[in-house]
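Take a look at these structures.
Next come two complexes, and both contain chain A; in the first it sits with chain B, in the second with chain C.
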Partner chain A sequence: MATKGKPPKPEELSKISYTPPQRNWMDIPVEFKPGMYCHATRPKYLEAVGMPFPRDWSPADADWKLPDNWKEIILQGIKERLMKYRTFHVFMDICVRCGACADKCHFFLGGGDPKNMPVLRAELLRSVYRKYFTTSGKIFGKAAGARELTEDVLKEIWYYYFQCTECRRCSLFCPYGIDQAEITIIGRELLNLLGLNLDWIMGPVANSYRTGNHLGLEPHTIKANIDFMLDDIETITGIRVETTFNRKGAEILFIGPSGDLFGVPGNYVTMGELMLFHEIGLDYTWSTMACEGGNFGFFTSMEVAKKLYYKIYSEAKRLGVKWILGGECGHQWRLMNQYADTWWGPPDFLEEPVSPITGTKFENAKGSKIVHITEFTADLIKHGKLKLDKSRNDHLKVTFHDSCNTSRAMGIFEEPRYIIKNVCNHFYEMPESTIREKTFCCGSGSGLNAGENIELRMRGGFPRANAVKYVREKFGVNMLANICAIDRAALPTLMDYWNPGVDVCGVHELLGNALVMTGEIERTLDLRGEPLPGKGGAE
Partner chain B sequence: MGILFSFAVVIAIVLIVFAGVRGAGLNYLFAIIIPYLALLTFIIGVTYRVFNWGRSAVPFRVPTTGGQQFTLPWIKSNKLDNPHTSYGVIGRMILEVLLFRSLFRNTKAELHDGPRLVYGSEKLLWLAAIAFHYSFLVILLRHLRFFTVPVPTPIQFLEFVDSFFQVGAPLVYITNFVIVIALLFLLYRRLGMPQIKYISLPSDYFPLFLILAIVLSGIYMRYFDKVDIVGVKQITMGLVSFRPTIPDGIGIIFYIHLTLVCTLFAYFPFSKLVHMAGVFLSPTRNLANNNRMQRHVNPWDYPIKVRSYDDYENEFREKMKKAGIPVEKE
Partner chain C sequence: MAHIEFKGKQIEVDEDGYVANLDDWSEELAVYMAEKDGLTLTEAHWEVINFLRNYYQKYQIAPMIKILVKEIGKVMGPDKGNTKYLYELFPDGPAKQACRYAGLPKPTGCV
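And now, the complex of A and B:
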């Protein structure tokens, strides 16, 4: 595991200047600042999924041990991708550098490095494109914004394309919809042609290929972890909840992020879900192989992403379920909403999803047959199928963080809010420019949730944290709810750094607290095992 | 550096016309040949660019969603910012192309003490962009009167509206003022705002200087150094009817204006100005967010090696059996 660096103090870090230097950006070579980048991937991870050029190297080294024909590989890679992705092709050509995206990026707002303005991050690659693929770039060179591809340029692209979390906020504000996420995705694909990935990304990829999940949990461990949760649920509610693994003939296959199977506070989300499924008598099963909706392959290359998503439909088919229910995870839903069916569909062996409890047809998922759990739960609440005691969350003053992927690659805003408002009495929105489609990233998405780049993460998360600070000071908010496993892993660190005292939870943890279960004992503990104030527990 | 270079290129074009027409008497080159070549370059160039983008595949349906998705019947979806039907997409594209919807969202972030990040509304760029583009369009359409006999009623009406506040002759057009102000503001952003200046390339300044020069030369020609309008119309009508003629005595300013316009047309397909066509092909805007309803096919999809369940079970079978997890092969 990576060693955890120490970031400067918040007072230091928040001294940010947005004024760019005098010198032309092309003349300023990239500087690898400790705390701002991640370790290089170990060769064994690349070997595990058959990716090229596995070797020991380090970003800080002068010599990256590139193959002799590295330049040819990159240029050929660009050429291919211009034909394979219209996004890439059009986005390389039509930017007018109006600057609308400049102050929309959380890394720019938290760091002030001008190369983190999305427009300039794109220009890092666009300048190379112009040099080798456009007439004006070939003839006029620098005057046309073109530059040679050198090792320094390659390193610069690496440094800044791993300082982008593919959150798409810039794309929302761009008058032409130019999406830096798309450019970053393709830029990273190019870097992967030379084996230039992060340890923090390739480790989970290799794990996910072998065990089905990023954490490398083997089937018996998954079961053991959930058994522990069932014990905790029994302690809290007095009810022994049952669940099944790899059970053939179940109606529904449930797939969440593996982060929720291991570690705080994700495990509380799973507990809430287990309680909910028990209470409504849902006929569902887990798959120990398809136990991860997240997909770090997406931060590697489209091919690896597709490779890691094979398990989703193939396990649904093997187990003979009718449809798939997806858990609270951000980029899982980018993929389930925009990629899954294209990669491995059509899933014609499944049925159009219908809630067995309410009879609601999930019209919007009739093709891919994958329903988001907040769609499912919101529908249950709307139909009055759940008995909820909001007061059990009265010790919490909750705000909701929209995750990048569920916001700008899906648009699931009302469903989680509807649930929260039905299970909590105290809910407060952050300022309008920082939520819903305009939401800010946690600063650690797209595989950047490592330890060694902690300064980068605290900087990138600054706009989000600052908005939380606002509602904390105004309303006393002490709980930051979300529907993303990366958020639950990253935001606690971010809150400790910028807003100590604000905790992080998933929406189904709040639901689990409020859910009145048939035959339960009087609740004195919340899902975290902490006494519920005013409920017979200690104040 | 880029600023001076771009400015110098525009000045050079003016000087070349001056020398070519006044010095060398190359009227035919500047009034006939260059306009035809420029228009041809524009048409072929833009067509090629669009065709070339169109050849690139759209492997995934990746719209940027800007509002509530289509979901349960009792939740209102945002049909324009998060369209799930073709009608919605058309609506979104109309808003984008005609009203610059995304740019209208623009905010400006400021860091105050505390630290406190504040986001203010920032509509000036949108306003300047709208003012510039629509003025340009109106001016372009007004110019159709040089290429038509009789001048169609809509064009006459446009002139009437554009000069609404004016009594007397020659008519003063509102758009002439608006476009100058808008261009100066856009230029100010690039020169006066450090972030924008930092990202600007020579190819960002050049179109601004070029269009400004076109506008100013046009205004100069109309109100100050009044050229022989009848002669000009003989040239323009000659061009559209493919029977080019050049009457004598047309002022040099006309040749300068015309050549600058030709430069813009010829430069267009090789520059960022192709955003005019490219915006229609942007996959984050022109696709519906309905991938869970309708399958999108990747045209270049190819088979890949995956890890099968059998491989998985072979590795973990004993552990699974021990934990009581069902297996395929006992």
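And now, the complex of A and C:
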């Protein structure tokens, strides 16, 4: 959101050279380019969560004020993680440097820096691993691809591990299945042992630890924001929708990303959800203590991620709900689908989720007990439970951006598309190599959606924007739909930069527009409060 | 942490120029910050800044942009109740520039 300084103009930025330098990569020192990295975390955020080495420092400074034994801490950290995570050990050993991943990374495609080839990004850490943990590396050094861990090496790892959005597109193309995101995750964990995190990540972590959401919305603020949206819904539909907070005994706990309770276009997603739950008479409640699907702790370390997510289940237990319904959030689904079960095992105080409206059992959520809202809504549509007027979205030509985490970590491809096709008459797909499991990142995920790294974000988002440009020119697409709050925060800036005129929305905003509610007035406004063309509003 | 020198006092600000401690804020400081950006604060600017400060006192966060737009429309007239008007007042965006002058911290997360 905050944008300090302007990136170069698109014409400048799109002049990208992919020619690698002549010298060996190890001989090229890292250069911190403004616009390509984020501010260091303030010490108070680390202190709030009890993380080590809080201090004032800046990435641009020569002296990072590292503790004297920093090298020992990192090497011990690597050692512990090699023992703890089998994947990490395997990924350190098995890469054959075939280069299949090289041109799959959005940061390499948008920037041309060879150290953003996933293979080379991993090599920054692998070279250290070889030096201290393999016999060949210890004996042959550089000839075996090994190097000493120096402060410059540490800085290089910091610079490039915060130029990876953990999107996992590269891993899809790796013949060995190396998950570069896992390497970045471990790399960031190691940096956090020295207090080397970003302000944009640690701020939300500290907020979430205190209030249960990234923004730091307190209970009365959450209620006030939702009440405001209920007023808008009443203006648009003539219906006073009710909702409840912290209600014990509700059947379902709803948890969406807090960004949807604060910013636009996220607000319109929440409005669509509130309208939907009202129309089907869902027995649900919000928690003002756990009001965040996202988890910036995941971009910090596994321990911090666990700390933040524990609130979701403890609130579900406290309120005595049967299961949890999750909103349009991205990395929430990577965590819930791939980590939660391993951390805690299936929560025994919750039931296997069943839709109270259709009776559908969500067997895929048997372990985590948390259902993605697009699964829930697509099921309602499939069973004919919703009355929908597609024509209310006729002014929109929509394409769908698969979020990295919902697609590659959970395989949610059809559900959002099914909803969109049932609520819109004009839907167009971007090229096959840029959607579904091959989707291109928004360029701002994993806590990189800050303002000071705007050039990095515009470069990283270039491949996605380029695919949007294609459907815009071919079909006149003017709306980019998605199911992730970081997308809704990041893509509007990306579109303004590369494709002015293309707007961004969540899927449940489109649903809210089309949803015919019992007793509603004739709709003349969309959820944004704009006149609906051809519906009594202005053309 | 960076500082700005104001009336012989060092005011702590973050890298983007947001005041670190709410108590360091004063009307003169807001005027000074705006002047440095080549902006003269008018009554219309003050409507927004004062609303932001009052809202923050109550809710510990800046208001949703929708709330700000509606409030300004109420006070300044319906033709002013839109984001376009707010951007005319604060070219870098009401959420950023106006919050900075009002001494509010910038929101972080999926925003």
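In this text, the second predicted complex is superposed on the first by the 534 of 539 C-alpha atoms of A that agree within 3 Å, B and C clash if a C-alpha of one lies under 4 Å from a C-alpha of the other, contacts with A are read in each partner's own complex, and residues count from 1 in each chain.
Rule of thumb we're sticking to: a contact is a pair of C-beta atoms (placed from the backbone, for glycine too) under 8 Å apart; a residue touches a chain by one contact, two chains touch by 3 or more.
These numbers were taken from a predicted model, which means no experiment stands behind them.
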Contacts of A:259 with chain B and chain C, given as first, second, both or neither: second
Partner chain in contact with A:485 - chain B first, chain C second, else both or neither: second
Partner, of chain C and chain B, that touches more residues belonging to chain A: B
Partner chain(s) touched by A:357 [first = chain B, second = chain C, both, neither]: neither
Chain B versus chain C as contact partner of A:220, first or second or both or neither: both
Which superposed partner A:86 touches (first chain B, second chain C, both, neither): first
Partner chain(s) touched by A:26 [first = chain B, second = chain C, both, neither]: neither
Partner chain(s) touched by A:525 [first = chain B, second = chain C, both, neither]: neither
Which of chain B and chain C A:39 touches, first, second, both or neither: second
Intersection of the chain A residues that touch chain B with those that touch chain C: 218, 220, 224
Parts of chain C lying in touch with chain A, wherever the complex brings them together: 1, 14-17, 59-61, 64-67, 70, 92-93, 95-96, 106-111
Residues of chain B that touch chain A when the two form their complex: 1-2, 5, 49, 52-62, 64-78, 81-82, 84, 96, 100, 102-103, 105-109, 111, 115-117, 119, 125, 129, 189, 193-204, 270-272, 274-275, 278-279, 281-285, 289-298, 300-301, 304-309, 312, 315-316, 319-320, 322-327
Residue numbers on chain A that touch chain C, as the complex places them: 1-4, 39, 42, 56, 58, 199-200, 203-204, 207, 213-218, 220-221, 224-225, 228, 232, 257-259, 261-264, 266-267, 294, 296, 329, 449-452, 485-486, 488-489
Of chain A, residues touching chain B in the complex: 14, 16, 18-21, 24-25, 50, 82-91, 93-100, 102-104, 109, 114, 117, 119-120, 123, 134-136, 143-145, 168, 171-179, 182, 209-212, 218-220, 223-224, 245-248, 288-289, 302-303, 306-307, 310-311, 314-315, 318, 336-339, 341-343, 345-346, 360, 362-368, 370, 375, 378-379, 382, 407-415, 418, 431, 433-434, 436-438, 462-463, 466-467, 470
